[in-house]
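Provided herewith is a single structure, encoded as structure tokens, for subsequent inquiry.
When the chains are written out, they are named A, B and C in that same order, and each has its own residue count from 1.
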Amino acid sequence: MVESIVYGFTLGAILYLFSIGLSLTFGTMKIINFAHAMAYTLGVYFFITFLRLFPGAFCISTFLAVLCMIPVAYIVERLIIRRLYGESLDYAIIATYAVLLIGTDFIKFVWGNVPQQVSDPVGLSISIFNFIIPVYRLIIIAVAVILFVGLNILLRTTIIGKIVIAALEDAEGVRCLGVNVSKHFSIVFIFGTLLAVLGGILYAPISAADPYMWLNILLIAFAVVILGGMGNLNGTFVSAFVLGITMAITGRFWSQAADTIVFVIMALVLIFRRRVA
Amino acid sequence: MDILTALGFRASGRNALPVYKEICVLTIFFLVLTLIIHMYRITDFMIFCIYVMSFDLLYGYLGLLSFGHVLYLGVGVYISVLFSIYINSNPLLSLLAGTLGGGIIAAILGLIVVKLDGASFALVNLAFSQIGYFLVSSTFQKLTHGTDGISSRVDAWGFLNFSNEYITFSFILISMLLVFYLLRKLTSSPFGVLIRSIKENETRVTFLGYNTFLYKWITFFIAGTIASFAGGIYTLYVQYVSPTVLNPLDNIDPILAVLIGGAGNLYGAIAGGLLFMIMKDWLSSHFAVWQWVLGIILLIISFWFRHGFTGFVMAIRNYQRKKAVIYDQNGAQG
Amino acid sequence: MLLGKGRMRLLQVDEINVSYGRAMVLHDITMHLNQGEIVFVVGRNGAGKTTLLKTVMGLLKPWKGSILYEGEKTLGIGPVKLAQKGLRYVAQDKKVFSGLSVKDNIALAAYSNAVSMPEAITNVTSIYPKLNDLMENKAGGLSGGQRELLLIGRALVGHPKLLLIDEPTEGLAAIVIRDISRILMHMKMQKLSAIIVEQNLSIVNQLADRIYVMLEGYIIKELDNSIKIKNGHELEKYL
């Protein structure tokens, strides 16, 4: 049971990393970015390639993969996202989904369709109160917590953080002050994307990588963001862990329902919520 | 105004003839198409067109983008199949069961989703589509045989023998024309005007005193029912079904079809459905990896050709009309 | 648009037509503003006054007509660049960034105008000293009047050229209205240009160089304030 809870926290951590970018993009630019899922997957594949080149060098490969994704994120933002600002939501969804289709096929073309495995880089488990817990999972959870704290600090102290907080509430008002929200958003977008990439890489040893690995996490991430509140990063932190733990515990008793329970919860919350998302 | 006039079944001073002309045109078009493409394929295309028309009602007319419409198609398929295996293998009854089953689910889920705004609406429908896939492939495995799939078997009924290619084709053609007729009537009725107004500015329609939730819900119900009808028809002539009919990745298909053809008009739905299927056939037979082409087309449409094929045609017609006016004026001066 | 004295009009609006969807909100609106003038726009609710301000600010696009600001066409420029060129907009809903502190609200204005924080703070507190005590408070906790003063103060950061203020005194207590009136008078004495939408006729009378009267999307009257309008009887005719 304790293993399930730890696993739940791990899932929550990964979900949180993935969802930050989605939440920020929707909160400030009002765009649902399906291409986020493509970045997640592509980052993992870059990582696996580097790991094959430098066997055992987990951290370096992670760093290189993240580095490679910076131009990818920039191009997506510049060519697609920025052009979608102010457009109706429908076209934003459709265009970013198109990027997802193209990216997924690119991955299939370069790396093939077969799932790839990555082994646990730490390979150790520690024993707390007679429970055996893989250290690696604790590291993942720690990363998420550090990020949460760091993000809050960044948002409050840097000017770009303040622009983000203001834009999440009233992007038009920020523009009327003469601040180019779109240009500043580039950095935010790239940052959010890289976090998702990091999340994907950290999760890779726990699950295999395949070109469609994004499907599951994307849908659950949407639930995380809807439940946490679009643009509400602290809410996202909470809902990510709540859903992660729910999935893990459900998975223990009824393994196939783990995903579904998330959507049932989301549906219930949406039915009973006064305010529409 | 009584319900029949409101739904367009009783003409309120308007000439009802043109619909019949449209139906004749469509019939001739599809019959001619059989000379070029194999009848079996066209049957598939027509089913897809029914499905796309149902999606267009929801997206093109009402303006609600659902990323989970495939659920209703799949529900129609499975309820029809299961009905014909476990309860009664009469083709019309199983078709009816599938359609009604899908309609009931659309009615229930509609209550939840229709009050959501654009982003949530798209995603929650996707979530339900995923749940549907999961239920069919795992939870109800005992009934549905999960990912192994089940054989579909319908009896003949009277002259309706679906193993006969010509009968199947005619039946499905008539079904498609029937759906076209119903939707044409619906969208040109006051109801149609109302949902189009909701698409444009829902707040104002609410201020006029209408319960927009009700109309959105009804539209969602109709769209889901017709999609399930399409699924039900599919089981009439296909030998075997599997959960792939509910694959959430297929949710993009009707969206792409409607955009290619032009959203908000029934010809666009049919044109888009045909173009999409033909393109898919061609691409998948020539390339191993081909979805990126769909991605590129989607991008081009989202940025430059929002109104799709029919929009392009209408733009050309407008241009020609303007030219005609200029010529007229020149003629008068000359 | 040159006047006899060879001076360019700060703002020239020519026959703009603006619509929301299919509803026409502004019909062939023509108006102008000279440097140093304070022009008021009055009219019943729904007359299109807010739409006019928003269009000048670049938040809405007219499908017909043109707007010249400092001699340059503004169509398609957008609020960001216009704000950088000296246009400032204070919205009717008195919205501040409630998640940020008062100080951070000012910081954003300082950042976009490349003004130092001390200078920006002075800009704002000079018109409303009490704000000094509220610097670290969340802007969302301010009262309506305090918010309006913060917004006007923030609009003055970085040497603005043209202020667009939408109903500054709406919903405020008399004592606050007096403060705002005093500030606007101060701005007038410094020859700041402004277009102000107002329903409070005494303020209009005190400060207006000219008045435009709007009704249902049209400008029906342009009044020169040399006609001493006492107690708004004259104006009430049009409202």
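Here is the rule we go by: a contact is a pair of C-beta atoms (placed from the backbone, for glycine too) under 8 Å apart; a residue touches a chain by one contact, two chains touch by 3 or more.
Predicted model only: the values in this text are computed from it and were never measured.
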Chain centroid nearest the full-protein CA centroid: A
Most heavily contacting chain pair (counted by C-beta pairs in contact): A-B
Of all other chains, the one whose Cα centre sits farthest from chain B: C
Chain B-chain C separation of Cα centroids, rounded to whole Å: 50
Chain centre separation (chain A, chain C; CA means) in Å: 42
Whole-Å separation of chain centres (CA-atom averages), chain A against chain B: 34
Residue ranges of chain A in contact with chain C within the complex: 159, 162-163, 165-166, 168-170, 172-181
Interface residues, chain B side, partner chain C - complex: 200-201
Residues of chain C defined as touching chain B within the complex: 20-22
Residues of chain B that touch chain A when the two form their complex: 59, 65, 67, 112, 115-120, 122-124, 126-128, 130-131, 134-135, 138-139, 248-249, 252, 255, 259, 289-292, 294-296, 298-299, 301-303, 306
List of chain A residues in touch with chain B within their complex: 26, 32, 80, 83, 88-91, 93-95, 97-102, 104-106, 108-109, 212, 215, 219, 222-223, 226, 230, 256-257, 259-260, 263-264, 266-267, 270-271, 276-277
